[in-house]
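Got some structures for you, see below.
Two complexes follow with subunit A in common, the first pairing it with subunit B and the second with subunit C.
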Partner chain A sequence: MNAIGFDHPLALLLLPLAALPFLASPLRLSAVPSSAVVPEDALSAAIGVALSCLGALAIAALVLGLSGLHRRDQAVERRGAGANVVLLIDRSSSMDSTFANRSPEGKEESKSVAARRLLTDFAARRPADRVAVAAFSTAPMPLVPMTDHHDAVSAAIAAIDRPGLAHTDVGRGLTLAFSMFDDTSSETSRALVLVSDGAAVIDRRVQDALRDAARRDPVRLYWLFLRTQGSKGIYDRPPPGEPDTPQIYPERHLDVFLKSLGLPYRAFEAKSAADVSAAIREIDQLEQRPTAYKETIPQQNLDWIAYLVAAFATALLLGAKLMERRLDEPELARPARTAS
Partner chain B sequence: MNPAHAPDGAPRVDLPYRLFGRARGVAPGAHRAVGAGANGAFLRHASILETSDARRIDVRASITDPFGGLKVRRFENRARIDVFVVLDLSGSMTFGRDGEAGDAVAELCGAIAHAAVRGQDRFGMIAAGPTERADLAIRATRRAGVDEDVWRRVSANSGQGAGVGGLIAALDELPQRRSLVFVVSDFLMPEGDVDELLGRLWRHDVAPIVSQSSAVETRLPRFGLIETRDLETGRRRLVVMRRSLREKWLADARARRAALDRVFRRHGRPAFDLVDRFDADAFADHLLSGGV
Partner chain C sequence: MRPDWRSLALGSALALALAAAAQPEIQATRATYDVIGFVDITGSMNARDYSAQGSPQSRLDAIKQRLPAAIGRLPCGSRFGLGVFSERRVFLLFEPMETCRNFGAITGAIHGLDWRMAWEGDSRIANGLERAIEMAEPVGADVVFLTDGHEAPPLRADLPLTFEIEKGKVKGLVVGVGGAELVPIPKYDDFGRESGFFSMRDVPQASHVGPPPDGAEARAGYNARNAPFGDMPEGDEHLTSVKEPYLRQIADATGLGYVRLVEPDALAAAIETNAKPRPIPVPVDLSPLPAALALLALGLLYGAPLAASLRSRRVLQQGVS
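Here is the complex of A and B:
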């Protein structure tokens, strides 16, 4: 791909005008009877060539500027230490309450606000990541596909503290998240971070689909569980005698299911914003693998450079013009002497 | 007649030019000629046996002659000569001829023509550049008004072209008899051409006149960018004038003039420098002193 482009390529037809300075001179000519009276001088010859070249440069740069010289947008392959991360974020309404399961008052933070704050930091700390963001509640919502554009990622993360919806459909959310890894992300650096404050029963069929997906796209799985006060934890076992069903202990069973996928998996149970912060920092440390990510450099106008070059060359030519003298200048005329 | 020149123009003066050596020819004139005659300045005594001219017996010399012979006074012949201007009209001679100071070359040619006719001599001109210019040639003549004619023709014709091939070829038109030839040129040509030009004039008394301009010889700007154009070839060159280059330029001009002078002395007399304008008095001085 050609890296240089022009807004008005037709203006380039003026480019042959750059040959003009080699045919004409900006200085007024002084006639001499013969070149023999002018001593040979290397400096003069060099400056003469330089002036012609400056004139050609000025005209060429002006033409390039007029034709709208720009560098086309380019994708640059970068390497860094990071990961291809899919953030799967719970958007159920329970996220809008605090860790104490109250509506936030005063300085209190809701879980979603804390998650937003900490995830924003997380994304900002890791410039080499490619990040995708998806949310789920009643239905999964892809927010940002796998991208290098951290502005888009931050915006997507910033949007997760909007008031949420009712249900928590973890299974379909996970399916979506698995599908968001694209071919360009290398397999070794894929990570899926599930942020939720609860779990739900995963349908059998969805479970099968997830198992398939996990075999197809092996990822490292992190579950950041924002445990609300009084709710059941990941590791809560039912007391003896009580039935151990996913309906009653969805968190425990989701954990069991995720473990059963055969993927590198870690669960973090966070009871406060500080726990969330510690968990995220741990994920941050774990996910430092060499990644190749593409950075798109937008189109960049270069015409200002062309105009700058033209202005520079023209200024030099102006200086030369101001230094111009002629051999037969009248103010230098003195009474002519006649040798005897 | 050119109105700028018409009423008074440059005042014409008589120029004391002389032919080196004795003139040949029978037409009476103002120059010492070969042979002895019956009129003019005293030359020598001769025996009446060899010159039977009884009217010019010198009695005193005859009486005082110890051998008792009769002495007859002999007088030197005076003859007229042909004065020619050989004018280089190559492109370089265009330089400096359209200024306010007037056309120095035309003034010079007019003055020589005037002085020649006034001095009972004949005037002729050959002007050519790289090609022969038959329209500018004037045969040796004593016609009145030839000076105006010459002035007008030279003023109206600035040079063109490169080289002096036509001029060298046209030198064959000069008469065989020894004449005084003023060679007017800037001599900005290869030294071989100068030698060729002057060598072809071996038969004549050659008085070179070097047309110069102080604008390119001495009156140079001290600093600045100068773009020069060669009047003959049209070649452009940029010059960054500065102290060292100015000195080199002036030294080159002096060296060129000195080299020319050596060539001129080999072929006859030193040259007269026609700088910027024609100064008749300086020219007369030069002719009187022989350029020394």
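Here is the complex of A and C:
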């Protein structure tokens, strides 16, 4: 891709006008019997050529300016401290209730509103991240592919407090999230952040797929569990004598499963928005690895530079023009001398 | 001494070029559009009645190809959000975002759409459209609803279709996707592998929602407790085509426009005609005006003596001959 572009390339057809100064001169003609009378003078010849060049430069610069010279928007590779993050967000309808498991009233915040607010902050604080967003509920859904554009990320995060669906298919959501790291995201800086308010039994086949994905694309795994009051937590064990099955303790079993993947893994159990905020701050601090990301520098108009060049050349020409003296012109100094 | 006209031309060219370099601008407004595209991802959207490069293309793939291109043609500053429709409701993937800067992300998200994202098999389009309009309203966006109009189970002709939304608050359009000919709908097994096409017995051919209609007793197979609607009739609900009259009807009832999925240019134009224009201030660069005048001045400066010398040469030649 060329770095320089034109808004109206057709205007460039006027460029041949720049040849005009070599065919004509803005200086007035002097009546001389023969050009042979004029002595050969290298300096004069050089000045003549220079004046023509200045004229050509002025015209060419004006044409370039008129054709809308600009530098195209450029993606500049930058290095920073951040991560390639896949945010996997639970969009089941239980996210729309508060931590106290009520419909939000007045100033109360639902879990999804709190998650939205804090994740938006998180993304905004970390310019060096490349982020992809996926949601899962009854089915896994990729929302925004891995991108450097943080507007896109915040648009996807902004949608998480919109009405969700019924179920929590966390297993297939995780498989989708693993697949969203692209080739350009360096392996050392991949992080997967799962935000959910519950868990579910992961199908045996999906478990196998996940183990396989974890071996192939190692990532650092974070589970931000938004625990609703009265629900079972990650670390709740069944009382003695009761069966310890994933159907009854899905959160505990998801935790056990994620630990078994052999990846760097942290689980955060948040019972309030403040806990979520603390957990996100901690993830923010942990995920400071060297990353390469692209920053887009928007298109820059360069036509003003072309116009300035044209003005400069015209100014020199004008200077030359004002110094012009004709052979038949009386010298300016003479009247002054006669007066004295 | 009378100033030479050539000095004047140079002087004005200088002044005009400086004026152009100062980049004068005025504020103008440009119409932009805020839309949320809702894409039908139900089973009938897998029917292949488009073609691309000589091979059949499914309706969903036709959308993936044309919708991003149409969005790219909307004026910069427009915003686009994406949602999917299945069952009887919609699910918002992302809120509207600026289309020019985020074009890559929007295209990527549209290409990521898949029938596997659907949460249930039904396709109650009228309900979905209503939910879509409700979802777009709080953010002030308009709706672009892309669907083939194939209701599954089919609507009951004897029950009137009603919408409980305020007509005209949200504008936009319904985009009809699919061909006019009936084509079979691909069927997938539990692992998402294609396993043939739906047959007549696979899908309900008539709706059994609501109380049975009058005269159901006379139908074949009627049983007051077990089969109040009678036997399932034969039909062609397992085949699909774009249901244009129906889509026009629901578009009309909700105050939206209707267009068939066409080439991106026409689709972008249809969005612009049907959505609410949202004027945003844009600076308009006025510098080409002085720059063009400066160019004219320089052109005269060099052109006039050139023309004069050409004329005098001609006179000279004529004098000699």
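Simple rule for what comes next: the second predicted complex is superposed on the first by the 248 of 340 C-alpha atoms of A that agree within 3 Å, B and C clash if a C-alpha of one lies under 4 Å from a C-alpha of the other, contacts with A are read in each partner's own complex, and residues count from 1 in each chain.
Everything that follows uses one rule, which is that contacts are C-beta pairs under 8 Å (C-beta built on N, C-alpha and C of every residue); 3 or more make two chains touch, one makes a residue touch a chain.
Bear in mind the structure is a predicted one, so any value in this text is a computation, not a measurement.
Visitor: If you stack the two complexes on chain A, which partner ends up touching A:149: first (subunit B), second (subunit C), both, or neither?
Guide: Second partner only, subunit C.
Visitor: Please indicate which partner A:58 is in contact with in the superposed arrangement: first for subunit B, second for subunit C, both, or neither.
Guide: In the superposition, A:58 contacts subunit C only.
Visitor: Which of the two partners, first being subunit B and second being subunit C, lies in contact with A:28: first, second, both, or neither?
Guide: After superposing on A, A:28 lies in contact with both subunit B and subunit C.
Visitor: In the superposed arrangement, which partner chain does A:44 touch: subunit B (first), subunit C (second), both, or neither?
Guide: first
Visitor: Quick check for you: in the superposed arrangement, does A:138 touch first (subunit B), second (subunit C), both or neither?
Guide: So A:138 only meets subunit C here.
Visitor: Of the partners subunit B and subunit C, which touch A:5 in the superposed model: first, second, both, neither?
Guide: neither
Visitor: Quick check for you: in the superposed arrangement, does A:246 touch first (subunit B), second (subunit C), both or neither?
Guide: It touches nothing on subunit B or subunit C.
Visitor: Have a look and say if subunit B or subunit C is in touch with more residues of subunit A.
Guide: C
Visitor: With the two complexes superposed on chain A, say which partner A:20 touches: subunit B (first), subunit C (second), both, or neither.
Guide: A:20 contacts subunit C only, not subunit B.
Visitor: Name the residues of subunit A shared by its contacts with subunit B and its contacts with subunit C.
Guide: On subunit A, the overlap between the subunit B and subunit C contacts is residues 25, 27-29, 324.
Visitor: Which residues, counting only subunit B, touch subunit A once they are in their complex?
Guide: 92-96, 99, 101, 186, 188, 213-217, 219-221, 223-233, 235-241, 245, 248-249, 252-253, 256, 272-279, 282, 285-286, 289
Visitor: In the complex of these two chains, what residues of subunit A are touching subunit B?
Guide: Residues in contact with subunit B: 25, 27-39, 41, 43-45, 47-48, 51, 320, 323-329, 332-334, 336-340.
Visitor: Which part of subunit C faces subunit A closely enough to touch in the complex?
Guide: Touching subunit A from subunit C are residues 4, 6-7, 9-11, 13-14, 17-18, 20-23, 81, 84, 89, 91-98, 101-102, 104-106, 108-109, 112, 116-120, 135, 285, 287-288, 291-292, 294-295, 298-299, 301-306, 309.
Visitor: Can you check the complex and tell me which residues of subunit A touch subunit C?
Guide: Contacts found on subunit A: 14, 17, 20-21, 23-29, 55, 58-59, 62-63, 65-66, 91, 133, 135, 137-145, 147, 149, 151-152, 155-156, 158-159, 162-167, 296, 301, 303-305, 307-308, 310-311, 314-315, 317-318, 321-322, 324.
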